[in-house]
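Multiple structures are listed underneath, in structure tokens.
Two complexes come next, and they have one chain in common, chain A, joined by chain B in the first and chain C in the second.
Here is the complex of A and B:
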């Protein structure tokens, strides 16, 4: 495949038509930062895969954005200067040459495919909106006729020419390299191998010969059965062999299904982790907010309780504040009562009051007779008057008793109030201080809550709450997926163990069976066929293992070749591909962990490019590499080495980089010659009207063809 | 007197009699009895509370409406005050006792007399409060809970 031409029209910083021609070999697009090279990369990616790599302002980093139906990709100048009601057309045309596909199979014919993606925008009063959805048109000319690839076939076609398992290696985005492919995941290696080699054929052959083996064994059994050459026990043994073989196939199929399920779950897990990285912060914030809100609620409850207590105490006690003086002055009148009490007690009759009691005195007064001295006590006599006085004493005594009780009660109340009332002021102060402290605490918590919300630019916590809810949902989903992975792995292990047992069982049956069949079979044709097939089964398995090991070695060797090229022969170790990919020391074979960034990038670049390089060699299928900022972590020396050495690795490479902008004109001339660069473009994002204000609406990318 | 003063004065027959000024501040600051239990913006929830408060103000400011017409006579009994706050009930009685020009105990231990003295001071206190609210700038005095706390805490300065 060769990319021939790209025409970018009204796409980000490219205003009007901007053509680029590319050739076989090394093509360089040099631009400083903001020059437009990343937008050139986006032009490819948007056309083929409907994705662009853009800044996410909220997150402060770039990320892949799909669903370009809603994205506005036209230049700021046109957004600003187009009149209301007028339309803006943004388009990218890419022409590339590749094998013609007939019935999904590549032919030796080479055709030129033209990809044209276009979107129309409408200028409104203050903004621009999508008017016509982005549409991709794919055409090719064959036998003098223009043919269209219909829209429902387009994704299938794109998968054919850019298989997704190695697509990532072709479209190299320096900043997202680790996101694009993860070689610590074995399935990445396995999928890539499928695309770059004929290795999958071994899998197919193994399936075919095993199925044949099963089939021929059944035929032998049937034949023997018809010839009645086998006893019931022997027939049963053959049935067991067949059953075991079938069970083994079923187990293998289960294993494949489980492995696929686990891969899919891991992919799902990765997606959720990616999503969660956007929401995790909401969960933390929500937890903080929840804790603060709980503290606030408690503080408000305490304030309310304080207010209730204050009011109740005011109404029941505190309103007497300051009254102790007046209350105490009642002592003067209480003393009058006390004096009366004392006076009565002094003048008491020495004869006890209960002798005789008041009832007797009343009786004596009624009878006009004193029962003590047994004399008459007629009315108006001294004796009668004496009895009356005695009765009066009882009444006075009773009154005095009440007086005494009153005095005691009133005095006690007075003393109690006089003791307690002076404390009221300090009680009020203490309660006030407690309330002030709670108010301060309430304000402190409110301020903390406000700070958190302000940090998020939220006026209330509803977005945080919904973000946290989403995070919780994602976490729950993640947990569920993790549990599923664990269960599937357990199941997988169990199935492997069962498979091993079945294999052992089958071997034992087959040993017994082969003797029987050997003796019984005689010269039937199926017997010979079965022997050949058995041989095939053993051979194919062995060949498959050998081919796999060889392929891995080839990838490793190719990787190391490119690794050395990219670092100008100054690499620290060797790339080893085992279960993962790492760099090991040449002598000790220990893993090296302290590689520089350039070495790490060079390693990943070398492995990725090795896949494409081998694909070209083995499958005669070449893919171009379109790389945005592959040398972003390299110094000038490494950049130079990489450029000189990379061109020969591939049929076509298009590199977009800022690192050539620092080279002088002479250095560039030297590089173009030494690296046999086919095309060299320089992009600069400059003012359209130099005398006007420096703003995005007065800027565009200018293209200069150096070679 | 055949019974103790406190027992006598707390009998159900001893209704508090109060005058027009107390009635006015009762309407201003106290929740109506029929609204008891409901929320409103009045500071006092019981009639006895506003009466007792007015009486205390009267005692402290020495504002007594001697011979005032206390024609509101069936509103509540003194026992309500005792049940609400024994301290306040005792204090009112003692403050009234301190104001009696007495020579004998019978001058002092007269429940109706004591209640009349308390009511006269309540009437004086209520009048004083109403006068404050007629002062420019103080029209809303005692509309807010804070005013009561302020008045109480300002009585005794250290």
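Here is the complex of A and C:
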């Protein structure tokens, strides 16, 4: 297939009609950043696959957008300058030469296909909207007639000319290289191998010869029946042979299905493993965060307990801090009180202190008689005075008692304080140290949490939480797949055992049967045909197995050849293709996992290009490679090597890159010659009116043809 | 330039040269020309899909060719 011409009209930075002509061999479109190369790639991709690779402002990254029914692809200049109510037409026309496909089969007849995709926009008051939905028209001229590929057949046709299993190898965006070349997923390899190899053809042939094998056995039986040469017992034996052969076929088909299921499950497993490697970090991080958050909570509780203790207990003590002298000197005042108490207790009165109460003394004073000693106590006598004094003593005694209690209490408090005072400072200090250390711990934990969150570039942990949830889901799914694989394997083993038994049974029947048939059949044609068909059954299944091993070797050899070319012979190891693809050391055969970015990119490019190159050699189907920024991870030397060597592998290649913009004129001249570049375009996004303001509405891409 | 069918024929011939297949051809006295022509019938039906009608068409072409050729030879 050769892409001949592309005409881009009013598509992003391409204003008016912009024709590009491409030829067989290597075509280069060089442009600095914003030059328009990615929009050229988008023009191809939009036309064929209805997708564009654009900035998603909300997500802050570039991604494939397929919502082309609402996308505005026309240039800003036209959006701004078109009058209200007028229409803008954006279109891309691509002409390519390819084999003419009728149903499945290429017809060894090259025709030119014309793809024209157009969308109409309407200018409203302030913006433009889609007026006519994007429509693709595919036409080709054959036998002097223009033929249309109807819209309901277009996706089928596109699948034929750009098979989806290898589409990503021929149309690629350097920025999305990692997701495009996911060779760690065995199905990527498997599907690509099927696409470039004869396996679907061999599978088909195998089905035909097996169907024929069953059919011929029945024909032999029928023929013998018609000739009436067999007894009932012999017919029974032949029926058994046929039934056993049929059962064996069924079992083999079961085994094939189970093996396919296991293979698919393993593919799914690989996909999950791959996804998990992206999400597993969230699970680890979430666990780490949960542990840190629990530590933080505990530390905060401890800080809070510390604060409460300080407030409730230590603060009161702290207020007495420095009052030591006053407290000590209070002892003197307390002694005075004590002396007063003692003095009161020492006072002499003949009336005892333990008389029942003041009412009793008052009665004695009224009666002028002491009922304790039963003597008269007349007014103004010493006895009467003594009773009066004792009456006063009752009041004094009550206040003395209160005084004594207060004294005891004060004295106890003083002694306690005097004991505690020296320890208050150290207790406050130690409590403060404990609090400081807890705060340090809190800050340390907060910092750790912040570092983890910063690492994921966000303020909160929502992405981590959703990532961890996805990881858990993936793990559950993985477990379920692993269980399914175990069950399928058990089933497979069981089926193998049953198949073995059936084979033994068939051999036993055949031993008996062959003699009978030989005698009975003689040389009937069906019997001879059966022998031919048996040979085909054996050889076609052998062909498929041998071809697979051979093809893997060929892909590996081709990949290594290209790998070496792209790295200018400075590769560190060899590409090995097994279930996945890796680079191994030439001697130790150990996998090398510390390769530079350029080596990793070269490996991916080499393998992908090997598929396309082999497809061209094996299936006689050539595909153009259209690559945007394939060399973005390469240095100038690697870019040069790749450019010089990549063109030889393919019938046509279109590379869009900014890396040639840094080459001097002489270097470019040398490169064009050495790499046998067929066409070289240079794109520049420049001001339309140099004297006007620099704005998107005053800019467009200018095309300069260097070669 | 070698076509896809040329490549398929080439790989099939390599298989016919494998020891066990060669022995089978000799033991059953199979005609190499018939084998090669029958393979052409398979090549004609190589682009079948899983549809049983296409497999059936391929089978009929292939099997009928072998039987008819052998019948012609017998007569």
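Here is the rule we use: the second predicted complex is superposed on the first by the 365 of 707 C-alpha atoms of A that agree within 3 Å, B and C clash if a C-alpha of one lies under 4 Å from a C-alpha of the other, contacts with A are read in each partner's own complex, and residues count from 1 in each chain.
Basically, a residue touches a chain if its C-beta (ideal position, glycine included) is under 8 Å from a C-beta of that chain, and two chains touch if they have at least 3 such contacts.
Everything quoted here is computed from the prediction, not taken from an experiment.
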Partner chain(s) touched by A:141 [first = chain B, second = chain C, both, neither]: neither
First, second, both or neither for A:507, with chain B first and chain C second: neither
Contacts of A:688 with chain B and chain C, given as first, second, both or neither: neither
Chain B versus chain C as contact partner of A:298, first or second or both or neither: neither
Which superposed partner A:204 touches (first chain B, second chain C, both, neither): second
Touched partner set for A:215, first chain B, second chain C, both or neither: second
First, second, both or neither for A:310, with chain B first and chain C second: first
First, second, both or neither for A:531, with chain B first and chain C second: second
Interfacial residue positions of chain C with respect to chain A in the complex: 1, 3-4, 7-8, 11-12, 14-16, 18, 20-21, 24-25, 28, 30, 34-35, 38-39, 42, 45-49, 55-56, 58-59, 62-63, 66-67, 70-71, 74
Chain B to chain A touching residues, read off their complex: 1-6, 44, 49, 52-53, 56, 59-60, 84-85, 87-88, 90-91, 93-95, 97-98, 100, 102-105, 107-109, 145, 148-149, 152-153, 155-156, 158
Touch list for chain A against partner chain C, complex: 103-105, 108, 198, 201, 204-205, 207-209, 211-212, 215-216, 523, 525-526, 528-529, 531-536, 538-540, 542-543, 546-547, 618-620
Interface residues, chain A side, partner chain B - complex: 310-311, 314-323, 326-327, 329-330, 332-334, 336-337, 340, 399, 402-403, 405-406, 409-410, 413-414, 416-417, 420, 422, 424-425, 428-429, 432
